[in-house]
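You will see two complexes here that share chain A, one where it goes with chain B and one where it goes with chain C.
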Partner chain A sequence: MLRYLRKRLLIYLVILFGVSIAVFVLMMSMPGDPYSWMLMDPNVDPAYVQRKLDELGLNDPIHIQYIKWLGRILHGDFGYALEGQATLDLVSQALKNTLLLTIPAFLLSTLFAVLLGIWSAMSASGNKILDRLVTLGTFLEVSIPTFFLALILIKWFGYDLKLLPVSGLKTLRVHYTGLRYVLDVAKHMILPVFVLTLTQTSGMLRYMRSAMIDILNQDYIRTAQAKGMTWRRAIWTHGLRNALISVITVFCMRLPGIISGALFTETVFVWPGIGTLNYNSILNRDYAVIITITMILAMVILATNLLADILYAVADPRIRLGGGAKE
Partner chain B sequence: MKLLEVKDLNVVFHTILGEAEAVRGISFSVDRGEVLGIVGESGSGKSVTSLAIMGLLQRKKADIRHGTILFDGQDLLSMPEKQLCQLRGSRMAMVFQEPASALNPVIKIEKQLSEVYKLHEPARAKTCHSELVALLKRLNIPDAEDVLKKYPFELSGGMKQRVMIAMAVLCRPDLLIADEPTTALDVTTQAEILELLRLVQQETNCAIILITHDLGVIAEMAQRVIVMYRGKILEECEAESFFRSARHPYSQDLLNTRPEYFSGRFTSIEGSIPSAYEKLTGCAYYGRCRQAEPRCAVRTPEQIQCGDGCVCCLKYETGEGCTHGG
Partner chain C sequence: MSKFWERLRAFHGRGKLEGEYVSVANLSWRKFCRNRLAVFSLIVLVLIAVISFLAPLITPYSYSEIDLTLARQPPSPEHILGTDEYGRDMLTRLIYGGRVSMTMALAAMLLQLVIGVVLGCLAGYFGSWVDAFIMRLTDVFMCFPFYIMAVCLAAIVEPGLKNLVLIIGFLSWTGICRIVRAEILSLKENDYILAARSLGIRPGAIIRRHILPNILSPILVAATLSIAGGIMSEASMSFLNLGVRTPESSWGNMLSAAQSMQALVSEWWRWVPPGLMIVIVVLSINYVGEGLRNALDPRISN
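Now for the complex of A and B:
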């Protein structure tokens, strides 16, 4: 197992290196640059501009630029955003805000998806009405665009009922401290977290449901019943773990979303998160920020792949001990 | 009182293709300590019958139209699930056809075995390790300690089936249903597993319902035989007289297909079993029976007491030819 992990990590390093080249080259070979509009002032001497760009190394051939950039990255220097802040500060602040939304949403949606998925699957072979309702619900949810759902909720809860704040991370122009600050932020979180949870639940729920339906027909569920377990107990003690193994992939595929943020939700709720930051950086051609976010994402995606492998090994002895699956 | 009494059992499956009548009104009984063999082709309703006895038919898909199943005088069909669960695993147990899929792939053998105690004798569950080792040793598993620590995929098919048998006999059941216990195994292992079943039967004196399509297995094990065809019992009699002088034409045909009668070509019964979706008139075996008469197509034969058992064929309607050896 350890040898396997070491091998995996080495491969991931190589992949990361490749990603960094691809991102850098793609970014730099896009037509135009972010500096032109900063220097639009006709009073600036073009020769001076050229000299400055030479000095900064922006006229170097692309591979030289890449090597210099890589050297800086390896020293922990991710450069500065156009506005002047250190990229890393900017990104980590946005990331904190995003995590505030995405982690609760991820946990809640996973919990709901698993529970509702099992419930739906179990009723699929009996009280079909429950199952149909859940299936219809997920279908509706998938069909409604996030921004529309968000706007409707803002209208109902923020505007009509005036129960919840409509946007932002905290109330402007008031400076709460301590517990009141926490409560204020929590109040702002409710709507966006709700929207995120809802949008993330349905897909996973459907996977969970079909995995569970598959499990219900397995022979070992019948064996467990033959031992003297009730149907329900057999499913919980023998079925659940097997069903979870088959949704590990889906679970891990959703993890990078925690970091990448939710552009629509963040935009509608004016949440200063990483989705918004990324979007604005692209509009402004803020190379340093875009590259940093992209690299962080690449690392997170590779890490979740590794996590998926580890989870499989932990959950399924056939993978951990090798060979059995093909028996 | 008989240990198990099945009366007029009728099971229908609701499928997208319509209703499938898997078991069409069968009655039989099992005495304590008796080995009853049920033979028949695939689709004759053997497994459905055994699952119905255990209460393991998926309630939503299978519909028990009518009939009663009495286990030690208690009606299993009207029993609530909780109460039925107290019988299952302790007083009646089952060994399944496919040991590979019947064991949970992600749970160690020891836990899967001790679970039976946990369900029926919780006090013993924690201290049962040495008991489990002893039992596995009795069942000819050499490195029992080791096996307990393993996962099912690490064991061979024969080992898995031994574990299944161990699981079934842990609580010394009165009734053991073995649904084609040797079908998925190779021939040498088959013999060993049968030997173990016989050993278990002698030691615990439990009744066994042995379901198979292998007449050799019946000859080895069973005291009484039931021949099923398309959801009906065509013949029931002592195993000895079955092999000596089976009465129903289907039983006779079955016996003739045994490889012992190999003479350059294997004999077979022409045609195949009618689908469970077909509505039948007359005798179910009519299309394939070489002794069929025109009346067989229209009249459904009743079960007729005949010698030491009963038979379901118009030929014996008058009671003629019922005596064995005749």
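Now for the complex of A and C:
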């Protein structure tokens, strides 16, 4: 276990180094510097601008600039947004809002996928209609752009039926407190969480269904029946436990989606999360924020990947004992 | 004459001729033809592609000419799908948009195919540090969510048709690369590869002659599915005005009309048709891909 983890950790450090280089290259190719606008002004001495650039280290050789930048990042200094806040604060606030959407959606979609997957697999041999419907549903779902689905829901529930709020996290210009505030936020969450749940269910559902169909044909299900168990009971007690290994695999693969899965949904519902922040920063050409988002997201995704590796090793003794044969 | 029909039936997977030799490709085609849904999807796709590419012959209107007197008209016999805010015929823009969206998706697919197959072959065949380097490179790429990185790059380079293709291709090759690598890893232990190596055939030739033909089917399936991905990416980016710009039309940038509340609530013809087209085309591609996967898998026979 330790040997496996040490090996994974080493690989993650290498990847993190690669990520930092990628982000740095991205940052260097963003147009403009903080003082270029001054050069347009005839009253400003070009030598002064040069001196300022020197002070900021923008005239250093590129590898020196990279090391300095890395040093600042390691100290948690990601720079400042155009409006003056530290970008790290902006991003961590947005990340909290994103998690408010993605965690419920993640849990709900996992639950639906497991239940529907088992149900659909069980009916694949008998009642084919249900299985066909589930298969059609998953295909439809991967083929519909998230934002198109979101727009249709906004039109129906927001404007035609006037049932649910369609944008933002809370009602503007009204200051609820306590329970009413929670209810207000919850009401705003319904549509985006619904869209997210729907878009995240299908992948896992398909996986679950095929894993379950494999299990239904295993000998131990027949053995359990031979010893007097009903088919249904054999599946729920023996089959499900074996299916859980593949559930954990997919669960782990989807973990990074908690962070990055809601980008588009957020933009359409104007939810003040990472996706919206990213889009608005692009519109305002606020490069410091964009770079911070990219870097933080990459780091968080890397961390969730590591977590997935650990969960995987805990669940599957072959990896834990084999010392990382997965590589 | 009846012989001819019998052959045609056999070619499309209905029955088999007496003592007939069937090649692998032919066999796969027959298996594919037995999947009605996949065949129907393929026909739909071909139909949409033909209509899109014959666009100038089909519609009398121009996709870019502005006539404000005709703005925002609901569907009518002259304009079957109404007009947009500049008075351009929506059906015309839909057809031309299909041309742009599908060409872009194809181009992006080719680009990611080239990058993915080349890197995947290098990693899988040569192993050791080449493999380690390329795999870490894909890991780095996979650390960035596609949409965040694509938006970032679109902010650096000018948005537009060509750059969007480059961005999509540049960011989505990792999947194909991993598939190719995994296939080669399991393939290269075979005796015929060893034989070719011991005959002194150069690695390039071994990969081209002996390896690539054997892993063609997973590549084909992945390429098909990546066209669907390309259409989705194009639509998403253009929806945010970071892709195809007006007056050029694409399904994505037509959908961005729905960002205005008036169009969203009361002018359905300005955003529902392009959305439906995306759903239909992507769904069909997915069904064709699934059909291909089953047809090319020798373990599945029916």
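Keep this in mind: the second predicted complex is superposed on the first by the 280 of 327 C-alpha atoms of A that agree within 3 Å, B and C clash if a C-alpha of one lies under 4 Å from a C-alpha of the other, contacts with A are read in each partner's own complex, and residues count from 1 in each chain.
Definition applied: contacts are C-beta pairs under 8 Å (C-beta built on N, C-alpha and C of every residue); 3 or more make two chains touch, one makes a residue touch a chain.
Note that the structure is a prediction, hence the values are computed from the model and not measured.
Enquirer: For A:Ser92, is the partner it touches chain B (first), chain C (second), both, or none of the two (neither)?
Expert: So A:Ser92 meets neither chain B nor chain C here.
Enquirer: Looking at A:Ile293 after the superposition, I want to know if it touches chain B, chain C, both of them or none. Which is it: first, second, both, neither?
Expert: Only chain C; A:Ile293 stays clear of chain B.
Enquirer: By residue count, is chain A touched more by chain B or by chain C?
Expert: For chain A, the partner with the higher number of touched residues is C.
Enquirer: So in the superposed three-chain picture, is A:Asp219 touching just chain B, just chain C, both, or none of them (first/second/both/neither)?
Expert: first
Enquirer: Scan A:Lys227 for contacts with chain B and chain C and give back first, second, both or neither.
Expert: first
Enquirer: Identify the partner contact of A:Asn278: answer first if only chain B is touched, second if only chain C is, both if each is, neither if none is.
Expert: second
Enquirer: In the superposed arrangement, does A:Ser143 touch chain B (first), chain C (second), both or neither?
Expert: Only chain C; A:Ser143 stays clear of chain B.
Enquirer: In the superposed arrangement, which partner chain does A:Gln65 touch: chain B (first), chain C (second), both, or neither?
Expert: After superposing on A, A:Gln65 lies clear of both chain B and chain C.
Enquirer: Going by the contact rule set out at the top, does A:Phe264 touch chain B (first), chain C (second), both, or neither?
Expert: Only chain C; A:Phe264 stays clear of chain B.
Enquirer: Under the definition above, what is the set of chain C residues touching chain A in their complex?
Expert: Going by the criterion above, the answer is residues 136-137, 139-140, 143-145, 147-149, 151-156, 228, 232, 235-236, 239-240, 242, 255, 258, 264-265, 271, 275, 278-279, 282-283, 286-287, 290.
Enquirer: Can you list the chain A residues touching chain C in their complex?
Expert: So the residues of chain A touching chain C come out as 11, 14-15, 18-19, 22, 26, 29-31, 139-140, 142-148, 151-152, 154-155, 159, 256, 259-260, 263-264, 267, 275, 278-279, 282, 285, 287, 290, 293-294, 297-298, 301-302, 305.
Enquirer: Show which residues of chain A lie in contact with chain B when the two form their complex.
Expert: 125-126, 218-220, 222-231, 238, 241-242, 245, 315-318, 321, 324-325, 327
Enquirer: In the complex, go through chain B and note every residue touching chain A.
Expert: Interface residues on the chain B side: 54, 56, 58-61, 81-82, 85-90, 93-94, 96, 98, 100-107, 115-116, 119-120, 151, 153-154, 164, 167-168.
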